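Let me give you the structure first, and then I'll get to my questions.
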């Protein structure tokens, strides 16, 4: 009975949403978006502060933001403040998980023993995955990816170790230290920009030639910090989830 | 097509939230809602025939037609926030299970652990 | 171009199917597995919509870590339930 | 030292550091709160862009008379509350630091997506704080409702982005002026749901009873005063100033506000536990403030909001402390409790009477102002409901006060001996600050001109014609 009521309710809601969205001609149809009507057009030509007609890969230099990946340029430059908030969200939820589960003393154990291949394989693959993660966040301004997937990849490498060896536990104190260090440095970079140029999180370094590894000013630095922070936070969450109540 | 689907996914997520009484499945429904929302956000920036918003040696200048990069940046934020809330929700769910020894909201609702 | 729209249609239908399965399945574990598949299909749809950054992030976080955390939760509850 | 971004990032920096400096967490929290209180007096109004990218493209902070008043009040209240319940802050120091950053961010930001991020930060700190009571089912309920609410807010916001191509508050507001707002009912309503969950409006407030009703002195007063104040200030910003509402939506929102107001007051009337009375009164006040913001009254609404959050800070701290120590907060079991704690009793009484709006108290001034504002808008209907709500409010608060002051006579549970059994020791901090706040309420009630002239931000709010986001529009896009 309840099911039918809910379905009818959602049908009405769905009709309301669909008709509300698609009866409005200003809501452009899927695929027909014109970027000139949006703020993004200035992100594409990188001309928010400087006038710029065209940006060319490997040629244009010293633009307002030097990232070849537009998404990265938004995430770490134009809307960097959102990213700081996002890192904070992850920080606070890992803290919340730690408050809830961190005090438990027991260890979650699985019933089966990991076989030889998993045990040896995990130890071999671990550095590879971790390195891939690091590669991803160092190249965040050139290729897809960046701090968040890179950091998560490091955490999943640790996860693999947990799966292979149920007695293995990461040393959380060092992860906590890395997390605190990376977060503080992110804010301090922002404050440094505020002191030198009057804008918080200002890109105060030379942005170089688009497409070079050493380009884009503070973007790679910030992304490495974000990667480290996300990696240690997620490792913390996973480690806390592997704790269980001690049997009485 | 995929935009309509994303809205339907959100509705299915809300349906799950209203119908399910199992804590874990409520969190699953919440995740379905979030996946739908994320697809919707990305779809708002899609340009048919557009190029992925990365300058490379192939797509080497900004005069090409790119898809809107801003919604993609927003989705990155949204995904990470979703992970944060899911982890916290599951941690609370575990605590609930320990406290009430049940995962059913109807059963838990009747209990009072004062 | 044709192929893309075909893939898009199939992805869309599968997305809805998996969402319904995930919501309606009785067992928690199957529900979680369906959610994991749903995330993977979301990755595909992000790729179709030319969003590689989002696709990479969703692949690692959405279908990887979220599933792992869900499974750990379930595992810990099963343990408590056994005793 | 005049950039308001420091109000957000300094608490955040200290929060990150507090993970490494575990032993000094409490001190760091205190430092940040004091820093922010000093900071709100030296920041200067204006629009501040972050990262050096101009406003509709980058994120900006918008410090005008409205948000300046808001950060002033919220930061001072935050400091007072953590000082009052000093003994309970240790475990949650880092969470509170992040909450402080998030609250300031919500009030200052000039970008709707950035607002979403800060809203999530603040709500997550809220979920974590609510687990303190160990009533996990209520925390879970709160988390699910809050997450779905902010998801819907984001959904609505993205539809607005698809239409206007911008996320900046001033930019969207400017573009909306020349747009048929009747077509924007769906996105605006979705955003409304998102904020209404946190603002405790009916029917999105299912979480409030469990969370507020079990909170201790620190967390209850934080929720009822600082969190509620912030979310209502933001509500006023978004729905009173940024988004242009169509008449249909205004009617719906006012109806929701009126229903929340009346239902909240009636529910409060039927309760016996102190915290439940207060929480339903909070719900009612939220409805009142939200509906007034929607009708376009800014100054009187802000006065009423201040009345609510200052008095609730005092009352929730006292109620929380009573139930922490006495293990109950049922008024019938606590008869005469104030006879042993006169200073606390007086503070509580002054706050309650001010909330009702009796003459001589600050609340009278704010209520008169908002009624006059409604009359000038020829909105007698709403005014009648507010008067009705005031009568109910007066009835239950006076009933409660009588119970708490007069020792119980006969009856099974409520004899005098019982009162002396449940003795509550209020520490020095609570006494001094609660008394100080009630003095302020009295002083502001006796001579309202003090409020007008002494609070510099309020003064500007009165004088400027449109006291809100106009900086950005003047700056040009």
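As written, the chain order gives the labels A, B, C and D, with residue 1 at the start of each chain.
Definition applied: contacts are C-beta pairs under 8 Å (C-beta built on N, C-alpha and C of every residue); 3 or more make two chains touch, one makes a residue touch a chain.
Predicted model only: the values in this text are computed from it and were never measured.
Of the two chain pairs examined here, B-D and A-D, the one linked by more C-beta pairs in contact is A-D.
If each chain is reduced to the centroid of its CA atoms, chain B and chain D end up 29 Å from each other.
Rounded to a whole number, the gap between the C-alpha centres of chain A and chain D is 32 angstrom.
Centre-to-centre separation between chain B and chain C, using Cα means, comes to 10 Å.
Centroids of chain C and chain D (each the mean of its C-alpha atoms) stand 38 Å apart. Contact with two or more other chains is made by residues 51-54, 57, 61, 65, 69, 73, 76, 80 of chain C. For chain A, residues that reach two or more other chains under the stated contact definition are 17, 21, 33, 38-40, 43, 69, 71, 79, 82, 85-86, 89, 92-93, 96, 100, 144, 146, 148, 237, 241, 245.
Within chain B, the positions touching two or more other chains are listed as 1-2, 4, 8, 14-15, 19, 43-46, 52-54, 67, 70, 72, 74, 76-77, 79-81, 83-85, 87-88, 90, 92-95, 98. Those chain pairs judged to touch are A-B, A-C, A-D, B-C, B-D. Of all residues in chain A, those touching chain B in their complex are 2-3, 6-7, 9-10, 13-14, 17-18, 21, 30-33, 35, 38-40, 43-46, 54-58, 68-71, 73-75, 79, 82-83, 85-86, 89-90, 92-94, 96-97, 100-101, 142-144, 146, 148, 210-211, 230, 237, 240-241, 245. On the side of chain D, the complex with chain B involves touching residues 113, 117, 120, 124, 127-128, 131, 134-137, 139-140, 143-144, 147-148, 151, 154-155, 158-159, 161-162, 167. Of all the residues in chain D, the ones that touch chain A in their complex are 3, 5-6, 9, 12-13, 15-17, 19-20, 48-54, 56-59, 91, 94-95, 98, 101-102, 105, 113-114, 117-118, 120-121, 124-125, 127-128, 131, 159, 161-163, 165-168, 179, 183-187.
Residue ranges on chain B touching chain C, taken from their complex, read 1-2, 4-5, 8-9, 12-13, 15-16, 19-20, 22, 24-25, 27-29, 31-32, 35-36, 38-39, 42-43, 45-46, 50-54, 67, 72, 75-76, 79-80, 82-83, 86-87, 90, 93-94, 97-98, 101, 103.
Residues 1-4, 7-8, 11, 14-15, 18-19, 43-48, 52-57, 59-63, 65-70, 72-74, 76-77, 79-81, 83-85, 87-88, 90-92, 94-95, 98 of chain B touch chain A in their complex.
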